[in-house]
Structures are given as structure tokens and as C-alpha cells.
């Protein structure tokens, strides 16, 4: 125990000394620090003119440094694929959740005993729809308000999770098997990359939205460009979250397992 | 179209990986073939790009079409043109090598395995060609994530090794991120070209010192430099057989290239604290060279032996940075490129022997050269090159490093170079003795291989490695002449 | 004469054995034994033709310089013929034919395993030796030097058993360590002087390597030569390499490896350092005394050796130190004496080894004590052994005599009485360790029943034996016969000083 | 003397605290025995890096980076670049944690526990 305490004290004192002797960081909050004067004020001043999106963060994220976001989505996708590859092998674990095939076969009509908890199922479907609607709003509204693809994707996945957790034996709004979800994540990333390739084929640099082939004036091109990549990001994020979720659920033995 | 090549070299494997899972659902091998096609195309483009860079100077590619400091930029000059070409070729032949390791049972696993390898290669390609500090961090993370998965696929012990490597890798990534943050706070931009102009104007020595220390720690951990090499041996022994070559051969080297890029191109050589830092690095490198070889001598597991020997090789690349003279830098770059094929090739052999006879222990490698002529030829070629026998690339890179060391008067490194190449000789000839001369242990095939020594998907990468080892030997003068005008030494 | 054809001849000389090695290794298992042997023999004959065709031009004094591609930045892979290189090339190519005939007889007679590997490695060794002779700068020289080391390794460990592996390890340890040190010295010289080409009379000056540096780099560079030539403190790999089959030790001791060591010392001292610098930095004197120490000590050890091949190995160590002594006396005559001794020693020593091999294959005897009265059974072989022993001892009308007298005259001219005394004493010691074998062989007292009736060695072994003996006599009587090797030696000596 | 430390804390205190958080995360990774705790400490470390970047981007008296009609000069908005970068860092930490969890489930399943010494003991037996 003593060793730990000594360790912590050493860290605190050591770091204090380093920070005292070296003043390599600017004072917090002063707007003349080099970090704010060189590149970021260009972004602030020209964001509206270049990218036509009032939300500066989305402008930087989707347009100025759009390539970073493509790589971000690839990180998500690779995390999803890795999780699936690591957890994917043991398929003989009893599938805890009703696979759509089973449900479609014997669909319980209202009055049958399986249908007894009407309110739970109704409530779940209502919530799921609401979440999905909000997700679409966040997606489309991304460049104006603080929104964007990642939040929208997370919300869509959330609607899937909610319906799965609360009413596991009802058929969720849309259900994906692990392989399909991983494939969908790939397609999401490809949509993003393809918009970039579209601009390249059309003579511009990669992800230069001014060169998108749609017959619309320059101003809207940027918005469409940002929209397209946001859609790709959303699909990628949603599918990855669902893949990881299904991979972990199929593998883990919960304590209240019936089998 | 050629000015788009820098971007397309990275994007194609990425798209291939993204689509592979969906395409595998359509047909088992469609995803795999799309990835092969994308990698072959990206290798072709990297060669064209290299040729273009040699003919008419460095190329740069601004994503999104905005001016330099405001958008992400890829800058390709001869140094990273060569690195990109090497990574693309290694990626292609490793993808071929993974054919033998396919688990045909599950569609997902087939598509996924190749997707991970393609992501891994795309990450390294991006890392080599990017000229934006934060962009390098994201590529570093993609490579790391794919590496965790590849190590984890190597069976149960691989899981533990992958988890440990993940912890260490994330520490390294975060240190690098903090280094970038401090540099951003000092200079205001993330573009390396712009950053070096601002740093050159001076007045930012302390921020650069702290950032450099953080980056050396971060990139040192990633490239298993001496004091931070703990994770490497365990990670390399349990890797998934196919991709071991990529992880040990190439991934360990990219951070060294990044450190070179930061130390020599961004911070510049007349930075105040540079001499002291290079001395500290020199000590790490010196011990690392000795430590790796000595530990490797006692090993019986071939993969662990190669893992320890790659610690020595990392010190060889750092040697060029530490010595500082342009010739030494060019020499360590040549070694960087040659060693990817040597180390990669040797890991292919270890994988092939495990695939055919199911054993990795050196002692029962009795007399396998009769059954596996190509593998033993590659082991001999790799051994000769590690020791530095002329026709192979190893000799020439040692030549330039030694010349650089003598020119700058650092004789200690020449002595270390000689001692460590002799130590390499000891454990390599131990392997050669076991393969060619010891009693036949009567190893029989673990898998019924139809004809010949190994499936063609393994023989092709191995023969490519042998050819490249000797080819680089003959082309070394061209490579050095390409690279030398670009490098300026420390305090030269 | 058309210069072009002549131009690429040194390159052909390297590629002929190399292609032969490739053919043998690839086709070896599939084709019949005789065809494989035929490849070796045709390659040997072709090589002799190529090398001999270069003699007239070198004699006329114009050297062929062949600059191919630049091997390292600033240094190109150049091949060139000069008198010293020509001598070594002639010796090696001439001896390849008899040695391969002999090894066919030995291998078949002794039913050896993996002969394909043997012949392929043998051919690669010859290619490396040719490269050594014609290399015109240090980088290509080092390249072939290392290839020779690697190519002889499978030959030394031919029997693949534990003992062979141990001696292989020792051989590699010595040669690789000295090779790497040679590499470091080479880089220092390149950095200091800016060029690595061989210039008769050397191009390094005192200014380039001030003070103790000259001595340090001198010993770094000749270290590799001394190890291969078996100078005393670094010789122990040579007796250990006796484990290999006799044709291999014939190659090792008479044709390729040991001579490469002496040749490397010669190139370094006379063509890189130059006599003046070698003398100033005291390197030559120390080397001379090391050679003297080796000559005396190895001859004494040779006398006590019972195993015939071990005795011949120590005699090789002694004879090679003659060459080193001849070089380090740094006078024109002693240099040409040393060069000619390369020729003389090659033919004499190869005969002795072939005799040892023949005895072992036909009667299975290894030790001299078991060979009492063997002359009865194999008079021709033992006759050749006696002649070769006289030649080695330096009797007049034999090849050994000419080279020894030159070295002695050089020593007198250099005013070194001690060296003259050593050379004479060692001639007596040579008799001391070779004559007992001859006397035992021809004693007609109590004879071992095995040796009663005549049973000569197989013709495939006997013929090359006789060729070698006759050549050593021919080169004794008329040194400039055919290849006028003494002429080359004198030319080389004059060119350096 | 007091004002010196107060001045330091006011100006650079946040950076000192983030580096402190970082070193606790790293210390946790090394010192904790349970793998799950190591994973959590890894997350702490990544959060520390994110907080450090965001604290770099602050400006005194500036609003959120969504353009408002009247306001045009740069000082009135905080630095959007750091926020955009940190979105990527957040996603990276999510990806790493996701893969880490997947690994842990497999380790838990195979070795029966996530305690480091149990794993090492069983691993050697394997």
C-alpha cells in the first residue's frame, strides 16, 4: 500500500516541477495564443463563404478536414469488424433472441396468451419510432445545429437497442444479423469514400464538394456533399454499434440465462 | 490522373475493405478478389507515383481543394514514396499469403479476415504518405486497431497478447496525440510543412522539447525501441500466421519513419536541445542493438527469436536518425525497406513451417531443406542479409550507416554495428545448422498438401521476398541517389 | 586485337563456374551422375581456356579494366587483370580440372552422400576465387571474399555430423568476425581517402591516417587475410577443418581459401597501404615476426602429428607464412618470391593431399604409424609423395626452390639476417616432418601383410596426382613454362616498388 | 509567493490537472491487476487527452462555434478545430474500448477470469 502512495506523490510532485519550469503552454482562454490566430480564425471567418454551413464544427469536420472524418468512420468500421472477427466463431451458443424467421412463422394474433403484454410492445414500438424520427432530424439538421452523422447513427442504434432490451421477444422495427450489420457498416464507409471518388472523377481533388456532378449551384453542392457524407457516417455508425452489440450478446452468458 | 495517385493509393484498399464484407455475402471469394485487385492497383499506382516523384519533384495532394494550412495534405517525396511502395508490395504478397489461412467455414470470417488486412495496409500507407500531424494519429489508430485484431486471431494466447498490446498501444497513441496537441498550441497549425516554417522562426524551443520527448516515448513504444519493447516478443509469437510478416516486418517500422519525419523535417536540425536528445536516443539504440541479439540467441521458438531480432532492427533504423549524417540516414532508410522483406520473409518461413509441420520449435527443424527448398533458401537469403554479406541488401545499408558514423566521428556505433551483426550471425547460423545438418526428426505433414512443398499462395510471397532481397542489393545506388538530396544531417 | 571480346573476359571467368554451379544444383538430382560430372569438367576446361587467353595481353603490359555498374555510391564494381591477379587465377583454374577428376574418384570410391551439393559449392568457390583475382577495388574484393567464406561452409561441414558442425562453427566464427572487421576498415579507408581502387604501390599517405590510426586500420584490414592464411595466433580453424573429405581439404589448403588469405594480405599491403606507409607504421615488421613465429612453431607441431592430414595441415600453415613473410619484407624480389611461392606451394601441397586421400580410400589408413611399408603396395603414389616432399623442402630443380631463393635474396637485400636463418631452418624442418613418411613407406623390413601385393589407387585418383607432381617439377625446372608465371611475379614486384 | 501559485493555477492549472489525470490513467494501467480495471484506466487516459485538447481551444468570453448573424470577428467564437479533432479522438477511444471488451469476453470465456495472475497461471498451463 505504501508503495502506491509514494508512487502517486512522486507523480504529483514530478509533474508540478515540470509545469513550473517549462512554460510551454499558453495561458488558458487568451484569444491571442498562436492556436487561435493562425488556422482556426480562417475557418471562423470563411466557413460560411466556403462551406455554407453555419455550424463551424461541422464545417471543419465535414469539409475542411473531411478526410479525417472518413478515417474516423473507418476506425468505427474496423472496430466493428475486429469485434465480429474476435467474437464471431462460436455459433453454437443458443441464440437468445428470437430470430425474425421464428416470429414470422407463428405471428400471435391479439387475444392469444403470447400477446398478453400489449402495452409493453406498443410502448416500445412508439418509443422506437420517436427515436428514429429524432435521429433523422439530427442527421438532416446537422450542419445548422450541433448535430451530425455520429449522433444520428448512435440514435438509430439506440432505437434498436431499446426495442431489444425492453421487449426481447417482439420483432424489433428492423433486425440485422451480425453478418448483415457488418456488411452495412462497410457500405456506409463506402458511401463516404464514393462521394470523395465522385469529386475525383469529376476533376476536383478528393472530397472537394464544389466538383460534385449534381446540376446545382455551388452553394448547394457543399450542402449536398456534407449531407451525403453524413448519411454514410450515420449508416456506418449505426451498423457498427449493432454488430458489436450482437457479437457480444451472442457470446456472453447472462446469469439469468434460462438454458 | 497521376496527380490523384497519392490519395487513390490509400483510398483503394480502404474501399476494398469496406466492400469486402458485403461482397462476401454474394460469393465466398468475391470480397477477397476485390481486395486483391484494389491492393494490386494501389501497388501499381505507388510505383507510378514514385517514378513521377523521382522525375519531377515532390507531389502534394490537398484534400478538399483548400489552401495548404487549411486542409489535410499528403506530401510524397522520394523518401516516403519508397516507403509507400514497400508497404503496398508487402501488403499485396501478405494478402496472398493469407489465402492458406482461410477458415472457409464461415462466410463472415473469410471476408472479415481480408478486410482487416486491407485496413491494416491502408492505415500504414496513409501513415507513410500523410503530411498532417493529426491525420497521422488517425492512421496510426487504424493500423493499431487492425493489428490488435490480427494478433487476437492467433488463438487464445493471442487474445491475451492482443489485450496487453492494446493497452501499451493506446498509451503510445495518447502520448503522440499529446505531442501533436502541444505542437498545435505552440504553432497553431497541424500541417507539418507549415509547422516547420513557424518553428524555424524560433522562440518555441521548450514546447518543441516537451512535444519531442512525448513523441519519442509514444513512437518508441509503438516501434518497440529498446526501453519500451516489452510488448513485442509476446505479441509476435502468437500472431495469426499470415499477417505476422506484416506486423513484425512493416508495422514496427512506420513509427520510426514518422519520428524521422518529425525530427528532421519538422523540428529541423539546429533545434537547441537536439544534441542532448540524440545522445539519449543513441544510448537507447546502443543497448537495444545488443539486447535484442543477445536475447534472440537463447530462444528456441523461431517466432520469438525473430521478434527479438526485430528489436535490433528497429535500433538499426534509429541509428540513422541518431548518427545524423545524410549518408547514415539514407543507409538506415535502405535497411528500413530491405528489412521489411527480410523480416517479413523470415516470418513467412516460420508460418510455412508451422503450416506444414505444425512446429515452431527450432530444435526439431531437422533436415527440412529437402522437403522445403524454397523456405530454406529464403532463410539463408535472410540470414546472409542480416549478417551483411555483399550481394544482399544488408551489406549495402550497413555500408552507408558505417560511412555516416565514421564521417561524423561516432566510432562507437561502428563497433556496435559490427558486434550486433556478428551476434545476428550466431543465431542465424544456429537455425541454418538445424535446417541443413542436424539429424532428421522425421517431421510429417500436418496438412495433406497436394503437390510440392507448400500451396502456391505461400510460395509466391516467399520467392518475391528472395528476389527483392537481391534486387535491392543491386539497386541500392539508385535508391541512395534518389533519397540523398532530400536529407540534411544534424548540425551539418 | 578486338578489345571488346577481351574486355568481358574477366566477367566470363566468374560466370563460367557460377553457371556450372547453378546447373549442377538444379539438375543435380534429376540427371545421371556422369552428366553432372561432365558439366564440372567442361566448366573447368572452359575456365582454363578463358584464363589462359588473357595471359598474352597481361604479358604485353596492357591491363584490361572492366567497369560495370556502380555497386556502392561512388564506388563501381570493377574487374581488372594485373600480374598478381593473373598468377592466382592461373593456379586456381589449372588446378580445378585435376581436383575435380580426383574428387570424382574419391567420392565414388568412398560412396559419399549429397555429392550434388559438394560439386555445386565447389564450383561457387571457384567462381568466388576468380572474382577475388580479378577484383580491381576493395568493395568487389570484399564481396567475393565473403561469398568464398559462405561457399566453403557447406564443404567444410560435408559430413553433416556433430564434429563437422563444430568445426564449421569455428571456421565461420573466425572468418565472419575477421570479415566484419575488414568491412569496418574498408569503410574507414573509403571515408579517409575517398577511393578504394587498387593502385600498385598503394595510395594511402601518412596524412590520411595519422599516428596510431594507421597501425590500427592496417591490422583491421589484414586481419581477414591473416585468419584465412592461418598465421599462428588465428590458425586453429585450419586443423579443425581436417574433418572435411580430402578433396575439400585439397581445395582449402592448396587452391582457394588459404591462398585467398595470402592474396588479401598482398592486396592490402602492396596495393592499398603501399610499402612506405606499411613500413612507417611498423605494421610490416610486426607481421613479419608473426610469420616467422608461425613458420617455426607450425613445423615443430607438424613433426609430432601422427595423422597424415593433420601433419599436412600444419605444414600448410608454415608454408603460407612463407608467403606472408615474403610480402612483409617489402622488397621487389621477396614479393615476386612470395607470389611464385603461391604457385609452387599449390602444386606441391595438392599432390601431398591427393596422396593422403588415395591412401585413405584404397587402404583406409589415416595415421602414419599404420603406413609401414605401404610403398610396396602403392609405389607410384608414394613415389609422387617423395618427389613432392623434396619439392616442399626446397630442393633445386623443384618449384619450391625458386620461390624460397627469391624470398631469401629479398631478406638479404632488406638486411634481415634473422629471416634468412628462419627460412633455412624451416627448409630443414620441412624435411624433418616429411621424410619420415617416405622412409616408413619404403622400409622393406617387417611389412604389414596387407601391403604384400601391389594395389595401386584408382586411376581417377592416380592420374591427377601424377599431373600435379609433374607440374611442380616442370615449374621448378623452367619457371616460365607455358604460363610464364615467374615473369608475372617479377612484373608485379617491379610494378609495386 | 502565494500569488505566484495562484497565478500559475489560474493560467496553467487546467493543463497540470489534465496531465495529472493522464498519469493516473497510465499508473492505473500499469498498477491494476484486473484487466477490466486496466481497460477503464485506459479510457481515463484517453479522456485526459481529449480534455487537454479542448482546454487548448478555449477563448475568454466566446460563444459556441455556430455562426450568429451579427457576430463576425474571430475572437467571439471558441476554436472549432479542437472540437472537430476531438470528435475523432472520441470515436477512436470508443473503437479501442469496443475491441477491448470483445477481447475481454473471449479471455473471460477461455481463462475463466480477468485477473492477471489467474490468466498467467492458466496460460502457462495451456
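Chains here go by letter, A, B, C and D, matching the order in which they are written, and residues are numbered from 1 within each.
Everything below uses one rule, namely that contacts are C-beta pairs under 8 Å (C-beta built on N, C-alpha and C of every residue); 3 or more make two chains touch, one makes a residue touch a chain.
This is a predicted model, so every value here is computed, not measured.
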Required minimum of steps from subunit B to subunit C, each step between chains that touch: 1
Winner on C-beta contact pairs when B-D is weighed against A-D: A-D
Averaged-CA centre spacing for the pair subunit C and subunit A, given as whole angstrom: 75
Length of the line joining the C-alpha centres of subunit B and subunit D, rounded to whole Å: 28
Computed distance of Cα centres, subunit D from subunit A, in Å: 19
Mean-CA-position distance for subunit B and subunit A (Å): 31
Of all residues in subunit A, the ones touching two or more other chains: 23, 25-26, 35-36, 39-40, 43, 65, 68, 71-72, 75, 78-79, 82, 86
Where subunit B touches two or more other chains, by residue: 134, 138, 141, 145, 148-149, 152, 159, 184-185, 190
Junction residues of subunit C - those touching two or more other chains: none
Sites on subunit A touched by subunit D in the complex: 4, 7-8, 11-12, 15-16, 19-20, 23, 25-31, 35-36, 39-41, 43-45, 47-48, 54-57, 59-61, 65, 68-69, 71-72, 75-76, 78-80, 82-83, 86-87, 144-146, 148, 150, 244, 247-248, 251-252
Complex interface listing, subunit C residues touching subunit B: 69-73, 139, 142-143, 146-147, 150, 154, 157, 160, 164-165, 168-169, 172, 176-177, 180-181, 183-184, 187-188, 190-191
Complex interface listing, subunit B residues touching subunit D: 134, 138, 141, 144-145, 148-149, 152, 156-157, 159-160, 162-163, 166-167, 170-171, 173-174, 177-178, 181, 184-185, 190
Complex contacts: residues of subunit B adjacent to subunit A: 4, 7-8, 11, 14-15, 17-22, 24-25, 61-66, 69-72, 106-109, 112-113, 115-116, 119, 122, 126, 134-135, 138-139, 141-142, 145-146, 148-149, 152-153, 159, 182, 184-190, 194, 198, 206-207, 209-211
Residue ranges of subunit A in contact with subunit B within the complex: 18, 22-26, 33-40, 42-43, 50, 63-68, 70-72, 74-75, 77-79, 81-82, 84-86, 88-89, 91, 178-180, 182-187, 189-190, 193-194, 196-197, 200, 204-211
